[in-house]
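So, here's a batch of structures to check.
In what comes next, subunit A is part of two complexes: it sits with subunit B in the first one and with subunit C in the second one.
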Partner chain A sequence: MATLDQFVVNIRQLTTDGKFSDLAQALSSPNVDHLTKNIQHIDSIIATFPLPEYSMCMLACLHAVVKAPNIPDSDLFLTQVDTFIQTSSAEQVYYLPQYLCEICHVITERLRKENRARVVDIRNSLYLGIPILYRAIELLRREPGQLLSIHSDLYQLCLLCQWFEPALTYLETDIIDINRENGKFDVKHLLLSYYYGGMIYACIKQFDRAANFFENVITAPATATSAIAVEAYKKYVLVKLISGTIPTNHLPTYTSRNVQQTIKSLCSTQYTELFNLFNNGTLTQFDEFVNRHRDQYARDRNLGLIKQTRNAFICNSIQQLTKTFLTVSLKDLANRVQLQSTNEAEKYLIDMIENGQIFASINKKDGMVIFHGSPERFDANNMLAKLQDETEKRIQAEKQLKELERQISLSKAYIQRTQQSSPYHDRPKILN
Partner chain B sequence: MNLSRNFGSNNNNQQMDIQNTVSSSGDTNNNLSIQNPNENSTTSAYEGNYQVNISSTNFELETITLSYTGLMRIYRLLYVADHCSSLRHEALLSSLKYIQETHFTSLYKQVFDELKKQNIPLPNDFDSSWYEKTQRNYIQKLEKLDTDLRNFRTNAIKDSIRRGHDDLGDHYLDGGDFFNAIRCYVRSRDYCVTPRHMITMCMNVIKASFYMQNWSNVLSYVSKAEQAIESLESTNKSGTTPAATTTSLANPMDVSTSNAMITSDAILASRLKVYAGIAELATKRYKLAARHFLGVTFDHCSNHFQDLISPQTLIQYVCLCSLATFERSELHRLVIMSPNMKQYLELEPSIRDILLKFYETSYSSCLGLMSHLEPILALDQYLAPHLRALYYEIRHRIIITYFLPYKNASMTTMANQLNTTTDVLEDELVNLIRSGKIKARIDSKNKILYVADTDQRWYAYQHALTITKQSEKITRALLLRSAIIKANLIVKDDSISSSSSTRSPNNNNNMNINRRHFIPNLPGNMMMDEGDLSDDAAMN
Partner chain C sequence: MAATTASAAAATTTTTTTGKSSVTLSLHPLVIMNVAEHHTRVRVQTAHATPVYGALLGKIKGRHVELCNTFEFKLTNASTTTTTNSTVTIDMDFLTKKLELIRQVHPDLDFTGWYTVESKDWNSPVMSSFYSQLSSLNESPLLLRLDPVGVSNELPIHVYETIVDLGTKIDFIEISYTLITEEAERIGIDHVARYSVTDGTSDTSIVSDQIAIQYNAIRLLYQRMLVLLEYVRAVKQGQLERNDDLLREIGSLCQRLPIINTDDNNNQMFREDFDIQQSDVALLALLACCTQEISTLNDYLNKFQVIHDKQQHSSGPGGSFGYSSGGRRMARGGAYFPASFV
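Presenting the complex of A and B:
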């Protein structure tokens, strides 16, 4: 008890003095064992720390509570955390980001488990958790483009309760930096945040961006293959096929070797084959293939995506027909794409025409479909504006890249390295 | 009843049947895939146990028996017997007669059994004890040659050892044991001194590999032999020129022998070309095969190659391969106008007609002649497996050249020209368009084929949009990757590798190892990161 008192007095002192770095060091383990060992008194200790001046101390106490074997009352705890996040000072919290992140991890884990245990009102707790995480991210983020491990938790909860808006605000911004959280940022969180992010985009049917996210998971630097990457690859294949971009099978060259090998050995028969089938196969072959591997798809919980892939397959076949035919009879179309009837063919055609995927008109009198070229002339204002938008986005990304390059080239380590290897400097080498 | 498939089956690592020939990757312009098997006439690929009906042609067995000798004749006869029911009896009986001139006892037995199965009456002068006699002969001669070889080896005279190996190899070849024959010939390579020895060795190996259908072997030894011939020629040239200048009176005998040597070398070179050509044909490199065959001089072919190929067969091969793969100008220059080829073409007027009709674009008669000739070609063992592919390719070429000058063409007239119906033609065209060989679009209602117009401007804009999207995506991925590397995050398996030495005890990130995720790399200490590359520096 004495040491605990001492400890508390110590940290109070440091706080009032404003020596935040020392305070952070004091609050990190092993010193914080004082708190963990005396967990029963923690409530009284917490009461002594008014926010926002004592944010760090409060944070450390909350963290100790979280690390304890059993949290007494999770709802109460959640409200405690919530008030903390809303009223703490960001500056102090920046010193100990890993504590806040760990708290969030534990909260998420518990909410997820409770989701399975309870049957009634399961959603409520999840819904509770999301705003907490949301605000936590707001608090901890240094800049909009920074990634925290809390992101993966937030995406996970959003997926579980199918409420995507909070996640989307964070997903829209591209990541250019990762908060190390004093060494506690696990690469798993990175992979998970992109994996869940991809899944969220697939749910709202933005398949292009989903494919990008999955690709980021697969191409993360790796000397060993993670299970997340394998699952991400499976979804990547399906999402790429659905998005309708030309299905080339090449992962970027900077994918690490062992990831490629693992993918080839594990997924090639069921998933990579789909690429070939898309290019060269017929619908019956596709259906046959899917039926053969239906179990595997069910185990990976990708059946929904598979069904959408089937649709995409039909659209792809019809699009290939537009390249070879000028006019074709509905019956012929149905035969070539191997659909069941002309009505079904007509339904698909109408869908595609409405979505703007093909340009055609159907003449019901003689059952002919006439394919036109694209009526887009690219001379209207909106099209030029769109082109300009895209280019601007590109230039924006380029600017960020240049900034990064500039930072690196001005850094000490880089200059040292280049000086060492450059033969053109005739001044004596600066030994460090 | 697959006699022709079983030749060479008494060795274990042969290249198996005709249809399982080594299909190495040929040139891209020869990469023929049978896309649409629903062509107009027969859909079979001339593989396996097909039967050919030659009642419409005037094919006779004498063409084979007269133009060929040796093992080639026997094989061709057996192939005909396998695949043509009307000529079966004749072929089997005559093949039996020719087998009796060799020591090929296993084949003899097969043919004999086949005759018994078909209940074909044997001729009166049938020697029933031939089988045992020849076997005994074979084994006796084998032992004799073996002992001879051992003697030579103890005497250690290189040339006699080499000749001993050669004789042994010849004997195996005669008895149909190709695997051992090749083994002996290859052994004789160690004792080859002059290029001429080398050439003989190569020719022997090529012959044996040829019968074993080991095409890669054939091709490699053909190139070796050609190199040897070149070195021979260079030594000969350097040998004869000083001789010519120094001696005023050239001995006429010397000149004639050297001339004879030069012509025999030319014959050898032609022979190599034939071997190479057939090997390329079997491995589906049709353009190369045609080029090889074009180099074979008519005199050589008609007089010296009876155990290999007849001029008629050669021109058949040339015609089909060149029609399938050559451009029109090449076809004209190399085949139709070449004086060498003219002599061949005169032997086979039907082939000549096909070529000329193709060149003058009367496609319907050309295709008619081709289908007329088809049964005869199907009886050729080297051509039959590729017959379908070659015919498809020729058809596709016809369609492509037909459509070349048109902006829009009526499909009905096209179908007439090509001896098919409009529907079948439509399917064929769809395949061709899909594979990119024709740039056209089909108006299915009016049955017209239009040239595909490309709106360059539209494509340019579309391309611009896609490119900006792509490059943005790549840049973003790059930024992310640099952030990851800056944060020192790698998916790593800590349980396998030992961690770095300076591990600060505070950062013991020991995750639960029962999960399948792997543990990240451990960065330095808690607060300060090395260098100024971290944003944590902003804190201090």
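Presenting the complex of A and C:
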């Protein structure tokens, strides 16, 4: 007890002195775990730390509570964390980001477990968790493009309760930096945030961006394949097929070797085959294939995506018909694509015309479909505006790249490397 | 009468006969500019017109003399108030030094004569004295005289050849010249001529005069157009009788007009082509930006690989990060080193 009091006095002193880095060290050193050992007194201790001056101490206490085997009253704890996030000073919290992240992880875990336990009122607790995580990210990130481990938690909760707006605000901004969190940032969080992000985009039907996110997971440089990458590959295949662009190479060439090999051994029969089917097969073949592997898809919980893939398959077949025919009768169309009836074919056609996937007109009198070329002449004003927009984005991205390049050329490792390459001859170094 | 004039003419040592000259002369405008500038400067700075003198530099090729440049004489006698009796002496040291310096820079320029800025009745003893002083440098120097007050349609430049007559008399025989210019000179002269001349009557420059002319022209055009427009409107409303010839002419005039920004149907084709070209240019700009971005990315990745590629390509599949291209690059980079160790 005496040591606890001493410790508390010590950290109070450090806080009032403003020595934040010392304070951070004092609070995070592992053998000085006074707070965790005296968990029963923690409430009284918390009461002595008014915010926002004592944010760091408060944070450490909350962290200790979280680390304890069971939290007595989780709702109360949640409100505590919430008030903490809303009233603390960001400057102090920047010194101990990993504590806040761990708190968020634990909260997410508990909410997820409670979600499974409670059948009634499933979403209530999850809804509570999302604002907390949202504000935590706001508090911690130093610039809009920074990724925290809290992002993956937020996305997970959003997926579980199907409320995507808070996640979308963070998904829209491209990530250019990762917060180290004093060494506690794990690559798992990076992969998870992209994986969940991809799933969220698939839910709101932005399949292009979803495919992009999944691709990021697969092509992250890796010496060992993670299960997340395998799952991501499965969804990647489906999402790519749905979005309508079918690449010749199934995987980007810069995926690491071991990821490629794992994927080949694990997923090729069920998923990679789909690519070939799309290009060459018919609808009945497709249905047959899907039925054969239905169990696998159910286990991966990809059935919804599979159904959407079927739609995409039909659209794809119709589009391939445009390459062969100029006009085709509805009956013929239905036969070739192996649809049930002309009505169904007409329905699909109308959908596609509305979405802009195809340019055609249907003559109802004799049931003929006439395919047109694309009327886009690329000369309207909106095209010009779009081009200018894209140019702006390129310039921005190039500026960021230049900044990165500058940082790396000034980094110690690089200078060492280039120095040691030519001490023995005076071949001029190409420093670029 | 003729005898007196002849004797009078003979008494003076200046004859302005334009006869056959022994040299052909080409004149650069730079010479004229320099002389004029010298004169103007002295006149402005000393507040009364004193005659100025300077040397002519040029290239002598056989019988053809090309006057290219000038510089001023440094005179040892400062008083020039009396024009008839003062002898103006040139600082010969300065002159020779200057000529040496010039010869270093332009080896083909020689001292070809001297210039003066004087009106028609000019000071012959001074000229003779000049001649005697300068004859050491050049046996037959040329004299160039710029007439500051003469009014004529041609350039007020007279070039004289010096001929020593009977040992002591010096004759100045005027010779004709042609103007030659180089490109740079032409541009400079053009610029100066156009924009530095101010009209004596008004205090606006030539530029605004030209713009005023254009403005007047456009205003006139506009007024005429209004008349035509009124006419067509009146015809449409039935106030005036319809004259088909006139309307036909107006119609043909309209079709001849340029069609850039009007909003009628003639515009369509232009607008389309313009839009296509506009988006083409924007597309090219985008392509350039993309290329720039890719180049920066390439640089960055190269540096990144230098740092992170720890192993040579022969070890394991793909090295530390699985970039097979990185392995290849290391091999290429490594190929240089063994040679140095040997």
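Operating definition for what follows: the second predicted complex is superposed on the first by the 413 of 432 C-alpha atoms of A that agree within 3 Å, B and C clash if a C-alpha of one lies under 4 Å from a C-alpha of the other, contacts with A are read in each partner's own complex, and residues count from 1 in each chain.
Following the convention adopted for this analysis, contacts are C-beta pairs under 8 Å (C-beta built on N, C-alpha and C of every residue); 3 or more make two chains touch, one makes a residue touch a chain.
These numbers come from a predicted model, not from an experiment.
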Clash or fit, subunit B versus subunit C on superposed subunit A: fit
First, second, both or neither for A:S55, with subunit B first and subunit C second: neither
Contacts of A:A380 with subunit B and subunit C, given as first, second, both or neither: second
Contacts of A:S411 with subunit B and subunit C, given as first, second, both or neither: both
Which superposed partner A:T309 touches (first subunit B, second subunit C, both, neither): neither
Which of subunit B and subunit C A:R257 touches, first, second, both or neither: second
Subunit A residues touched - subunit C or subunit B, whichever exceeds: B
Touched partner set for A:A222, first subunit B, second subunit C, both or neither: both
First, second, both or neither for A:Q320, with subunit B first and subunit C second: first
First (subunit B), second (subunit C), both or neither touched by A:K402: second
Nearest-approach distance, in Å, of subunit C Cα atoms to those of subunit B in the combined model: 7
Residues of subunit A at both interfaces, subunit B in one complex, subunit C in the other: 221-223, 254, 377-378, 383, 387, 390-391, 394, 397-398, 401, 404, 408, 411, 413
Residues on subunit A engaged by subunit B in the complex (per definition of touch): 21, 24-25, 28-29, 94-95, 142, 147, 174-180, 182-188, 190-191, 208, 212, 215-216, 219-229, 252, 254, 320, 323-329, 332, 336, 366, 368, 373-374, 376-378, 383, 386-387, 390-391, 393-394, 397-398, 400-401, 404, 407-408, 411-413
Residues of subunit A touching subunit C in the complex: 221-223, 254-259, 377-381, 383-384, 387-388, 390-391, 394-395, 397-398, 401-402, 404-405, 408-409, 411, 413-414, 417-418, 421-422, 424-425, 427, 432
Subunit A contact footprint on subunit B (complex, rising order): 429-430, 433-434, 441-446, 450, 452, 455, 457-458, 461, 464-465, 468-469, 471-473, 475-493, 496-497, 506-507, 509, 511, 516-527, 529-536, 539-540
Residue ranges of subunit C in contact with subunit A within the complex: 272, 275-276, 278-279, 282-283, 285-286, 289-290, 292-293, 296-297, 299-300, 302-304, 306-307, 317-318, 320-324, 333, 336-337, 340-341
